[in-house]
Each structure stands twice: as C-alpha cells, then as structure tokens.
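Chains: A, B, C, D and E, in written order; residue numbering restarts at 1 for each.
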Amino acid sequence: MVKKQLSKLKQITDPITDLKKYSPITLSRKRPKTGLAPGSLIYTGKVYTDKVNIHVMDYTNDRIDEIDIENPEDLRQYNHPDSVTWINVQGLHDVSVISKIGELLGLHPLTLEDILDTNQRPKVEEFEDHLFICMKMINHVEAHNKVDIEQMSMVIHENFVICFQEKPGDVFDDIRTRLKNGRGRARKRGADYLAYMLMDIVIDFYYETLDQVWAKIERLEDLVVRKPERIELRDIQVVRKDLIQLRRYMYPVRDVVHNISTRNAQFFSESTLMFVRDSYDHAVQVVENLDTYREILTSVMDLYLSQLSMKMNEVMKVLTIIATIFIPLTFIAGIYGMNFESMPELGWDWAYPQGFYAMIGVVTVIMIIYMKSRKWL
Amino acid sequence: MVKKQLSKLKQITDPITDLKKYSPITLSRKRPKTGLAPGSLIYTGKVYTDKVNIHVMDYTNDRIDEIDIENPEDLRQYNHPDSVTWINVQGLHDVSVISKIGELLGLHPLTLEDILDTNQRPKVEEFEDHLFICMKMINHVEAHNKVDIEQMSMVIHENFVICFQEKPGDVFDDIRTRLKNGRGRARKRGADYLAYMLMDIVIDFYYETLDQVWAKIERLEDLVVRKPERIELRDIQVVRKDLIQLRRYMYPVRDVVHNISTRNAQFFSESTLMFVRDSYDHAVQVVENLDTYREILTSVMDLYLSQLSMKMNEVMKVLTIIATIFIPLTFIAGIYGMNFESMPELGWDWAYPQGFYAMIGVVTVIMIIYMKSRKWL
Amino acid sequence: MVKKQLSKLKQITDPITDLKKYSPITLSRKRPKTGLAPGSLIYTGKVYTDKVNIHVMDYTNDRIDEIDIENPEDLRQYNHPDSVTWINVQGLHDVSVISKIGELLGLHPLTLEDILDTNQRPKVEEFEDHLFICMKMINHVEAHNKVDIEQMSMVIHENFVICFQEKPGDVFDDIRTRLKNGRGRARKRGADYLAYMLMDIVIDFYYETLDQVWAKIERLEDLVVRKPERIELRDIQVVRKDLIQLRRYMYPVRDVVHNISTRNAQFFSESTLMFVRDSYDHAVQVVENLDTYREILTSVMDLYLSQLSMKMNEVMKVLTIIATIFIPLTFIAGIYGMNFESMPELGWDWAYPQGFYAMIGVVTVIMIIYMKSRKWL
Amino acid sequence: MVKKQLSKLKQITDPITDLKKYSPITLSRKRPKTGLAPGSLIYTGKVYTDKVNIHVMDYTNDRIDEIDIENPEDLRQYNHPDSVTWINVQGLHDVSVISKIGELLGLHPLTLEDILDTNQRPKVEEFEDHLFICMKMINHVEAHNKVDIEQMSMVIHENFVICFQEKPGDVFDDIRTRLKNGRGRARKRGADYLAYMLMDIVIDFYYETLDQVWAKIERLEDLVVRKPERIELRDIQVVRKDLIQLRRYMYPVRDVVHNISTRNAQFFSESTLMFVRDSYDHAVQVVENLDTYREILTSVMDLYLSQLSMKMNEVMKVLTIIATIFIPLTFIAGIYGMNFESMPELGWDWAYPQGFYAMIGVVTVIMIIYMKSRKWL
Amino acid sequence: MVKKQLSKLKQITDPITDLKKYSPITLSRKRPKTGLAPGSLIYTGKVYTDKVNIHVMDYTNDRIDEIDIENPEDLRQYNHPDSVTWINVQGLHDVSVISKIGELLGLHPLTLEDILDTNQRPKVEEFEDHLFICMKMINHVEAHNKVDIEQMSMVIHENFVICFQEKPGDVFDDIRTRLKNGRGRARKRGADYLAYMLMDIVIDFYYETLDQVWAKIERLEDLVVRKPERIELRDIQVVRKDLIQLRRYMYPVRDVVHNISTRNAQFFSESTLMFVRDSYDHAVQVVENLDTYREILTSVMDLYLSQLSMKMNEVMKVLTIIATIFIPLTFIAGIYGMNFESMPELGWDWAYPQGFYAMIGVVTVIMIIYMKSRKWL
C-alpha cells in the first residue's frame, strides 16, 4: 500500500519516467482485403472477446427494459414505433452474427462491410430508411497511461439505434445511467435524440484525450526549460505522432456532424438538430485544440533544438576560453624549456619566479580583458 | 514615492526585467463536464466574487435609470418596448441565479449551458426571439503587466440586452458614461445599437492588447539586435504562445461579426448594420495584425537564432586563430627543448634570441597573412 | 538453396541492406511529342512485349466466354446489348492496332492520343457514347522490392469496357476469378459494375503500395532511433521522393472517382453509384494516408538531423573535457621543464612525486567539479 | 559639387553603406481611440502642415478652372452636373474643416471617421449617392532613400471626386498636367474616369516602390554571394519587414479594385469599367510581385545562412588540419625532451637532425595523404 | 572539329562546368510607364530587330498563300470570311506600325497597350468581336544553354488570328509545316482551331523547358550525393529562382486556358473546345510538374545542407580523436621532461623505452576502446 503510494509519488515527482512509460498510439494500416469482391464481409480488426455481446435497452417515457440477447433473431421484436430501442453490439469478429443482424434490419452490404472494416474513415451516409454514422471512440485509460481507440458505427432508424463496437467497454455509461433514472430529456425524446447523445459523448471524450495530450505537452515544455539534458527529441516526436494520429480520427468528425446538422434532416427532428449544432461547436473546438496543440508542440521542439545549440555554444566557449589562455602560456613555458647554450634570461636573478609569473599574469590578464570585451565571461 | 519613481525608471531602462516579469496567458483547457447530460448547467470557470451582481440600466431618449438588482424576479418589469434595458450580470458561479434569469427571459437550455461554459468558442446563434453572442473580453491590465481574459456572453432581445461576465470589472465604462450624459446617438437608438456598442468596444480593446504584444515584439527585436546575450529563445516563445492564444480568441470574432452583418438582419436595423459593418472592418484588421505580428515574431526568432550561430562562429574563429598561431610555435619550442646529444643549432652564436625569435616572427607573420587572405582578421 | 534462405534471413535481420537495395520510383518526364499535330498517335512509353495482346471476356449471368483475339476486326461482334464484354489490351507500342480498335469503337482521336501517352494525368472525360477514364496501376512487386507503375486507360460503353495497359501482367486476376466462378454480384450486373470493380481494385492496390512505403518509414524511424550512424539522409530522401511521386499519381484519382460518383450518372446505374461512392471513400483514405506518411517522414527526418547534431554535441563535449583537463596540466608540466638557473621548487624534498601529483590532482578535481556543475559529466 | 559627385560615386560603389542608410518603413499601430463613441471624429495621424489646403479643379471638355479654396462653404457651388470637379484636401488635422466638408457633401459619420483614421485598412464602401474608397498612397522618395506612405481616401459622387490626403505632396501631378492640356480622354469623360485615373496612378506608384525593394533584394543577393562577411542577417530582415508592411497595404487594394470592377457599376460607366479591369490586372501583378520577392528574399536568406555555416566549416577544417598535423609532432618532440637517464636514441649519430626530421617528415606526409583522401586539402 | 567534339565530351563528363555556364533567367521588372495616361502606347521591351516583320498565311482547305507584308494597310484585304488568315507580327518597337494595325482591325486601346507592355501577366480578355490572349513563349535554346522568354499576344477574330511577338524566331515552325502540306485537320478548320494550335504548341514547349530544369535538378542531386564539395548552395538557388520565374509565367496560363475552355464559347466551336480542354489538361500537368520539381529541389537542398553538416561532424570527429589521444600523451611526455632534482622514475632501468612506451600504449588502447564504444571509429 505504502509502496504503491510511493511509486505514485515518484510518478508525480519524476515526469520523465512518466513520459517514457507512455505507450504511443500505433498506426493501424493493414487493410488485408485487397482483391476481395466489394461488400465481402471480413472483419479486419483484432478479436477482443469470445462472444458477440448484444445488449438492448428498450424504453418509453414511462418504462425501460434492459436485456442481453443471445439470438440475433430476437431483435426482430424491437422494430416498432411505440418505444425507442438502443441495440449495442460489442465484438465484431463473428461475421455471421453481424450479417444476420444486417439482414434483419435491412442494412446495405456496403454498410456491413464498413462496420467490419475497423480502418474505416469517420463518415456519415444516408440510406432510404436509415442513416449510417461511423466514428472513432477515443478514450484515455488513465490506469494504463495509454489511449484506447476503437471504431464505433451507428445505424439510426426511426425507432431504434444500433451501435457496433470492436470490444467490450465504452464511454456510454453516463447515458445508460441517464436513461435508467429517467430524468431530464433523455427518455422523453426519440431515437434521434439518443443518437445525438451517443455522438455527443464520443466527442466529449475527445476533450479528455486532448487534455492528456496537452498535459504531456506542458510537461515536455517544462522539462525542456528546466532539464533539457533529460529529454530527447524522440520524446517530443512521440507526442507529435500522437497528434497526427488523433487528427486523422478527429478531423473528419467535424464534417460528419456538420453534414448531419445541415443536410440529413429526415432522421433528426428540428429540436434535436439544435442540440446537434451544439455538438458541431464542440467538434470545431476539438479541431481548433488539435491545431493549437500542434503549433505549441512545434514551438516546444524549436525551443528544445535551440537549447541544444545553446548548450553547444556554451561548451565551445569554455573550450575556447581554456585554450585561449593556456596555449600561449604553454608556449612561453616551452621557450624557457629550450636547451640553447646561451639563453641569458635563464640566469637573471629575478627571472624565476618573479619575472616568469609576472609575464604569465600579464598575458592572462590581457586575455581575460579581451574576452570580457567580447562578453564571453 | 521617490523609490517608486526610481523603480519605474528602471523598468523603462531595463526592458529585460520587464519582459521576465510578464505573466503569460495561460491556456484554459479543462472542460470537466464530460458525461453530463446536454444542457446541464454547471459553471466551469473560477469563482471571482461572492455574490452575483445584477446591474440594470434602463433608458429612453429622455431619461436613464440605473439600479442594482437583488432578486432576479425584479427583471420581469424591464421586458417592455417603451425603453431599452441593459442588464449586466457579473459573476456566474451561482447557477441558480443564472438559470432563474434564463427562465424569466425564455433562454434555451443550450444557451444557458454556453453562458456557463467559460471555454465556449466565440459564436453567434439565432433563436426565434433572441440572438445569442459569445465573445472573449480581453483587456491588458497595465498595473499587473498581464492580459485579463474573461468570457462575455450577450443575449440581444428586441427591448433589452443582457451581458453575462465572469467577474466584476469590464471594458464598458465608456459606454456607461455615454449613456448617462445622453449626448450623441447612444440613447436615441434601440437595443440593437446598444449591442453594437458593446461588441465594438470589446473589439476596440483587442487593439489595446495587440498593441502591448507588439510593444513586446519590438522590445524583443531591439534586444536581439543590441544585446542578444541577455535574452533566451524562451522569452520569444512566451510571446509566440500568447499570439497563438489570442488568435484562438480573436479569429472567430471576425466570423461572428460577419455573420451578424450579413445574415441576422432581424435583430438589427439597417442603420445599425452599417455600424456593424464598420466593426467588421475592425475585426478584419485585428486578424491582419495578428498575422503580421506572427510573421514579424518569426523573423525575430530567425534573427535570434542566427545571432547565436554568428556568436558561435566568432568564438570558433578566435579559437582557431589562437590555435593556428601557437600550436606550430609550441612545436618549434618543443624541438629545441629536446635532449639530443648533438644539436648543433643550440650552440650557434646567434641562435638565441636572434635566430629563434626571427623564426617565430616569420611563422607568425605567414600565419597572419594567410588568415588575412581568408578574411578572418 | 540453403544459401538463398540464408541470404533471405540476412535481409530480414539487416533492414539497412534491404533499404539500400530498394530501387526508387523513377520520374517519367520526357514527353517527346512537342510539335506534333494534336491527335497524332505516337506511343510515348517503353516497349515491353512483342505483340499486342487482346483478351476478351464476354459474359451474361449464365455463361462466360474467354478468348484471345488476333485481329482487332473480331472485336466488332461484341458490341451488342445481350452480354457484357471486357476487352483487355496489353501492350500499346503497335499504334496501328490501337488506332484500329479506336476506329472500330468510335473513340475520339484525343482519347486515343491520351491512351498512348503514358504520362497522361489521371482523368475522366465524358463523351457522347462512352466515358474515358485514365489511372495509374501501381503494384508493389515484392520479389524485386520495387514499385511497378503502368498506365491503365479504360473506355466504358453501355455494353462493354476496354482496358488499355502498357504491358502484360496486372492486378485484375481476382476479378477474373470472380467472373469465372460467377458467384456474387459480379456477373449479374452490367458493364458499369465491371468498370467499378476494375477501378476499385486499382485503388485497393494503392493501399498495398502505401503499406510498403509505411513499412519503410517505420524501419527508417527505428534505425534513426537505434542506429543513426548506419543510415544517411539520402535513405530518407529516397522515400520522400517516392511519396512525392505516388502523390502525383494517386491524388488526381480522388477527383476522378468523385467526378464519376457525382456527375457522370449516364453511364452508371444508381445502384452501382452507391458502390462507386464507397470507392471514393477509399480514394479519400489513400490521400489521407499519403499526407499522414509525409508528415511522419518529415518528423523522422527532423529526428535524424537532431540525432546528428546531438552526436556532434557529444563529440565536442568529450573534446572539451579532455582539453579542459589536460591543457592546464600540460602547462604545469611545462613550467617545471623550464631551464631557469634558479627554480627552488625543483630542489624541494617533497616536490616530486608528492607535491607535483597533489597539484595535478587538485587541478583535475576542480575541473571535474566545475564540469559536474555544468552537467557535462 | 565635386564632393557631391564623389559621394554619389561612393554610394554606387559601396552598396552596403547604401543599405545601412536606408530607413525602414515603420509600422503604424497606435489606434488611440479606444472607448470613443462610434463616429467620433478624431484625427489619429501626425500633423504635417499648418493649414488644411483645399484645391479645386473644375473642368468640362472645353475649359478648366483651378482654384485654392479658403472656406469649405465655397465648395457648395461645385455640386452640379455641368462640369466635373476634383476637390483635393491635403492635411486632415483640422477636424472642424473636415466635418464641415462632410456635412456639405452629405457624407456618413462613419465615412468621416474612416477618413480621419489614418490606420484604416484599404476598402471600398458603397453608399446611396456616393462611393467611398480608401487606399494607401505609397511613394519611394529617392532623395531621402525612404518610402513615404500616407492614406488617400476618395469619395466619388456623380459630379465630383474628393480626395483626402494626410499631407501636401502627392503622386497626382501627371494627372493635373493631363487635365490642364486637355488632350486625350482625360477631360472628355466624367467623374468616374477621374476616379479611375487617380486609383490607377496610385497603383502605378506601387510598382515604383516594389522596384526599389527589388533593387535592394538584388543588391543583398549580390553581397551575400560576393562579400557575405560585410552583411548581417539584420540587413535582410529589414527588407523582409518592409515586404510584410507593403503587403499589408497593397494586398487589400486588389480586392478593392476587384470589388469596383465587378459590383459597384452604379458609379462607373461600362466604358470606364473596362479601364478599371485593366487596373485590376495591375493590382494582381503587384500582389504577384510581392509574393515573388518574398520567395526570392527567403532564398537569399537561406543562402546567407548557408554561407555562414560554410564559413564555419572552413574555419573548423583549418583548425583541424593544423591541430592534426602539429599535435602528434609536438608529442614526438616532447618525447625527446624527456629526461630519462638512458635514452639511447639521443646519442645516435644520425639522430638529429637527420633521424628526427625524417620522422617528422614521414608523419606529416602520412597526415597530408590521409587528409587528401578525405578531400580536405 | 576534333576540338569541338572534345569540348562537347568534356561538357558531358563534367556536369559542374555545365551548371556553372548556365545563364539564369533574369527577372524583368522595370515598368517605366508610371504616370502616363491609360492606353498610352509605349513599347516597354528591348529592340531586337530593325524592322517590324508582318508575315501573312492565308488559307482555305484548298490553297495556301504566304506573304510578307510591308504596309499594314495591305492587311485590310484579309478580313473576309472565305479564308482563314494568320497574321504574325514580329518586333514591337515601332509603335506607329502596331497602332496602325490596331486601328485597321478595331482593337481596343487597352489591348494595344497590353500588346506593347512586355511585362503583361498572361491573361484572356473578351471583346465584342475579338478575343485577346496574352501568354509567354518560353523556349529552351540548347545552343546557348539558356531559356528564351518572349511575350506572345494573340487576337482571335472570326476570320483571322494575329500574333504579336517581341522578336524574330518562334516555336511555330511545326504549325507552318502542317498548314503548308495541308494534311490532317489543320487547314480544314477555322481560325479558332488555328488559335488552339498556337496555344497548344506554346504549352508543349513549356514541357521542353521544364525537362531542362528537371535535368538540372537531377544533375544537382547526383552531384550532391557524389561530390558535394564541388557544388555550392548558390548552384541550387539558381535553379530555385528559375522555377520561381517559370511559375510566374506558366501558372496563369492554366487559368487562361480554363477560362477559354469553359466560358468564351463564342469564338470557339464546340469541336475545337474539345481540343482546348485537352490543352487544359496539359497546362494542369505543367503546373503539377512545377510543383513537383520545386518539392524535389527543396529535398535536394535539404540533402546538400545535411551533407555539409555531416562533413563538419566528420571533421570534428577527426579533430577530437587526434586531440583525445595525443593531448594526454603529450602531458605524460611533459611530466618526464620536468627538471625536478629527484625523479626516481627517470633512473629506473626499464623506464625507457619499455616502461614509457608501455604506458603510452596502454593509454592509447584505453582511448581507442572508449571511442570504439562510442562508435566513433
């Protein structure tokens, strides 16, 4: 217990260890589907769980039912206008389950392909009877000091919303609580408002992650100023790469929300759209923060590089001062170490130590004055 | 008294101290609301004052009443078309008061949320019966050598304007004076003109702040040219970060004013819009100044870095000159310090001092000529 | 056999050799047609094959015929609405054959000119009865560790699609398989869907190439961090130039697909356009990847350059430490090597070794303390 | 006389002195009006002259009258459609005169405010019965080697044009001459053509100023190549700042002219608009020149910095060559200066000078060969 | 003869000489017309020829007449719809001739002014009965290793095309040949097709010039990699400035062609416009090449600068190695050269050479091991 606290203390007092322990975001890039027919259903992500979990919340203003479903067939009963249904699917590796769900709800093959392709770019697509939204759910997990990124696809229908996530665990717990205790607007409104809430909380968590990035930048800046010798450019580059990654995931979301708030009015009531516009403001601010952080990180890097070169200057100056003083002196000593048969100075009474050290002193003083005039000392 | 004047004198004669004492703008970033229901009213800023202060100025062309209100309920009487009312609310920490005001004046929950979120991006939003404008009030406080930033939200109704500020103290004193002495256009026009005046003076004060930034840049440039050894890149970076910050707050204001001047004609009469377009010109100029200052700051930084490297060059040159002259000489002295049994030169009559010093002289002259030819001396 | 495996092993364990062996993309630039009349048919590429190969696949939902055609005249029979025909022409050097085909199918002279000009920019052009699309087919050939780029032009008619390629070998084998086994959508749909499939697979292979580039960047980054002395900036520049090249070929494709998906509805049915829009998403992602890779490569370069300068700093520091310690010591030794007649120290009992080495020790310790205080040790 | 010619000669032969004497453009920034009511008339510029000078040229195709007016009231007579009147006001410090003129001609208070605010951004504004244009008049005064910038506002009415300038002296003398001798189009056309001529000549003089800047850039480039030791980065930065300044003044003019040529047709006849479009071409070219100069200046700066670092390299190389040759030699001499009792070499017959100098020679030759192989010599 | 071949050989084997001999493009900037009335006809270019040469080709599908005209009056006869006339004017210094031609063909004064102003920006302007196009004719003259730039203005009328060029010699010889032998489309179509052919060949020659620039960039890159000591940054900068210049001339041409292909349909038949769109593709590719070359040149520059700094590192490393080994050794030799009366080591039997050189050897080996561990050797 005490140990743990101590180690926590150390973490606080030693920001460098903290920085070094940080696991950077890895760039997912493999898209191993080249050559498959369009609409082929192949899951491109990692397998996180054994079984696909299908969680259903079905609610009206008056009641709320919560159930885990085994057989996708059971979803059929929820497609009716009397209640709003939120179907949450976690785990995408079992393609047969996903395609079964898609069939039941009449999803387009390309939509299913997009749901299963975990490298899908955030986007919104309108179909005749549903709206498809794809975003990244980004969550900074404090415990592991790492950023957890998974794809979150959402199909919005008139009466229900289905979410597809790569793995168990998400950022929606607050929404579940709100729905359960039934206060506020949450249960009074339709599927469009549920979709808005999901989207909004995903964007809200972007702030959390950006706050962590910002904390890292501030720590780096502080270190660059106070202990430049303890960090390397690589530590800065790790954050820079993280920002590049996050921008890839967060930038398109702004356009997605803008698109919804301006064009796809069919699936959203006017009063919900007012809330969506508020989400758009947040998405814009996320993008602005990303840009600001990038600029500040660049300035931190400039600072670091100039610190390096200041250090170099200082080292060179010391070398020059030492060499400039002692090289001439060594030469003088060398002269009187010569073995010429007749060197009258050697015999003078006051030659050593008086004469010699006076000479040494005069040369040294001249050099110091010269260097002072050049502002090196 | 004398001391104070002296210290003031020092401040003027020592621009570096002045620069170092400067407290940079801090980046507000925490948005601790993640997970709350949309429209939740939570104040995200600091608490500056005990009590929310509600100040009312109610005027027609003929009279003006000024009153501090205790109970928000009392605001009800001011919503009538016979006079223009300016309600100024300072201090946002007491959410119950703010939500009471919002209820009385029929504000949308999201508007109230925006008013209380002090990290809100500058924006304008049109509602059925009011216009919501959110800006940053930026004021350079000379006494503390710091920039004071607070959020200023404004709701414009047909008959009244309400301002919400984070803390006591603002930039509106000139407007109060104008309203009180009743000369000029101020009291002859409606709520739209009052809103314009408030917006305009907020933008006017942006110039003041930018002037201070510019003064800092000029001082830095001057120091870089005259005493580069006294400043560090960090001093330049502080201003650079300030500019990044100010740009975040000031850039969106241009779009806000543009939006008002072109689209939201409902709340602004045509004659007031002409003034708003003038404000737009000012906002454009603010943005241009920001860009110009940034470019000039970049050039100051380039200058500083090149000064560093010039300095380095100079140091290296001196080292090279000293070493190039004395290393060969030391070698010569070393030769005649050798103990070979037969070194005939040592016995020659004119060997020392004539021969030796002549040799030293010749070598030195050759080296100096060489260096002159290379333009190092 | 064993040797080969060994050398393969070495390739894996020594990423640098792998990098050095890589043959960069060469910039095709010569356009030796200056001064010719517009529409002149001259092949500007290399000759890869003896004979122009004309391959025809003619299919309906029920059957598929595959045939190599000798005489372009034989193509005449395939222009009828009962079946979909895919004509694949490989080898463009025999202008007479190409112009014969153009004549038979009523292609515009400028289209033929574009087909034969292998430096044509990717583009789409709409004609009265056909659509002309020109793209680069980019394929990373693992065996030769090089990127293979050739031009692929496509004419889309109501009943057939003709592809023109520079040389034998392409990326369409998967499509041929799909057509032959006749499952899925492939054979059920018209020429527009065939064209979409061809376009889509070309873009799919862009990902493959970009993955290879990305692998190279990651390897470079790893080397920069772990063994900077083993790579040169030139290794990074090679990848940078590759990215510049690939961008030239891939960027315009996004606009081409966008153009098709939004405007040229005539040749594409609505249901196929839904698939084309999916291709557009992929093209956008290709462009985003290019930009991301470029940014990361820039950061790798910055890292490399800063490593160089760190190295330099380290070298200089060692030099300074050695010189700073030994130059004063050498001077002291020089003093006691002088031949003044009276140097009383020389006769003191404890002068050597005790006195002398104590002095040396004290000077050394002072220097080391000084350098420790400067954090050089 | 002779002296003057000599000094002129020196100026030509010594471009550096010329550069150093140059007085850079100062950035006007103070806008001391914060807090004043909108439309308050306060002159923000410098006072250049005692009295406001009002010069009137009234002309038809047949006659021209030229007169200096004392009392603004006298302007009343010129507002009639029979002749074109050009009123030129020089000196803006006497606000009462300006506001009197504004009143007589029915100008909007904001227009008057803009006329008096000498930091106004170039702009065009359309009012019901007049068009307001504001530009910077930029004139390179050869005699003082400085750029003279003043604000020129222009109100275009159906029958007259009023110009407001900050001080006596302008670039309009050629227009006055053209009007007086009455040849060409000048007097045959209306007030719109007069306004065009004024605008056009202002832009023409931008070229003059840019030519001077360009001459400076070329001189800098020449110096950087031939005598880099004689200039400093600061000399380049001065021109860079000038370009930043000029861009601020010249860029908006392009939009102003574009605006006039495309939208404000009311005040300009179709045949005059054709000339305005020509002016627009010139304004575009001014902007292009600015951009080109900036790029070339950047390349001059890069060149200068690389020269610095080349110089450094050269210095370091010399140091290394000297040290690399002499340090080992000094060590050898040091060996034979040791006092070991038994050093047999010291007694060998051919030890000195033959043996010793042969050894020295061999070491030197080896070092030189090594350095040649490294291409340092 | 042999000599010439030899010198040619040398040119090939020594790319540096070739680079140095290259005469860069000079920036034309003087626009000595400031203050003249708009539409004043003054030739601003150089005088290349004695007499203005007016060459006329008048053709129908059946015949072609070619004639040099002395008197501009004779042009009158060619303005009829029966044949197409191409009037080519070379030499613009005789303003009277040009203005006579303008008068005969009804050109606007501003068009004439633009024709005579050789610094005119590329543009297209539509008049009631003619279209005015202005471009730069850029031709790389192999013989002089320089780029030849002149202005080419073109007036397109229904029945004729007039070209104005600054001097004799152009890039149109291929077109003259095509017209004379009368094959292909050339003579079958109207003046619009002639204009297209002229425009197209001008753009075609841009490729030639860019190819030369590209060859230079490749040569520079090769030199930077293989013999960095033989080039200077200045050699790279010369090409950089050339690219800046060429961009100025070539960029606007894209917009000119785009303009023609989309808007000015009046003067171009639909079938010719299809060819113009092809020219537009070429113009876009020219712009893309310019951008690509610029990027690659930047990367060559980065490479060069990093080579410089690598070189520096290497030099410093050698210095450090030499100094680090020999400075301690010299100190040791210095110790045993001291004259203390009692230095027992000096008398030991094995002190010299065994002991001393063993010590020297041990120190050297330690230093070398240390440096090996630091990977300096």
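Here is the rule we use: a residue touches a chain if its C-beta (ideal position, glycine included) is under 8 Å from a C-beta of that chain, and two chains touch if they have at least 3 such contacts.
Molecules present, by chain and UniProt name: A, B, C, D, E = Magnesium transport protein CorA.
All of these numbers come straight from a predicted model, not from anything done at the bench.
*Asks:* Over the chains that touch one another, what is the least number of steps taking subunit A to subunit D?
*Replies:* The least step count works out to 2.
*Asks:* Report, in degrees rounded to the nearest 5, the angle of the rotation taking subunit D onto subunit E when the C-alpha atoms are fitted.
*Replies:* So the angle, rounded to a multiple of 5, is 70 degrees.
*Asks:* Just the number, please: Cα centre separation of subunit A and subunit C in whole Å.
*Replies:* Measuring from centre to centre gives 27 Å for this pair.
*Asks:* Counting only Cα atoms for the centres, state how far subunit B is from subunit E in Å.
*Replies:* 44
*Asks:* Tell me, which residues of subunit A touch at least two other chains?
*Replies:* Touching at least two other chains: 309, 312, 316, 319, 323, 327, 330, 334, 337-339, 343.
*Asks:* What's the contact topology between the chains, one of line, ring, star, complete, other?
*Replies:* It is a ring, because the chains touch in a row that closes back on itself.
*Asks:* Report the order of chains around the ring; begin at subunit B and proceed in the direction of subunit D.
*Replies:* One full turn from subunit B through subunit D gives B, D, E, C, A.
*Asks:* Enumerate the contact residues on subunit D facing subunit E in the complex.
*Replies:* 171, 173-174, 178, 184-186, 196-197, 200-201, 204-205, 207-208, 210-211, 214, 225, 274-275, 277-278, 281, 284-285, 288-289, 292, 295-296, 299, 302-303, 306-307, 309-310, 312-313, 316-317, 319-320, 323-324, 327-328, 330-331, 334-335, 337-343, 374-376
*Asks:* Please output the residues of subunit C touching subunit E within their complex, sorted ascending.
*Replies:* On the subunit C side, the touching residues are 27, 29-31, 33-39, 108, 110, 113-114, 119-121, 123, 125, 229, 232-234, 237, 240-241, 244, 248, 301, 305, 308-309, 311-312, 314-316, 318-319, 322-323, 326-327, 329-330, 333-334, 336-339, 343, 346-347, 349, 351-353, 356.
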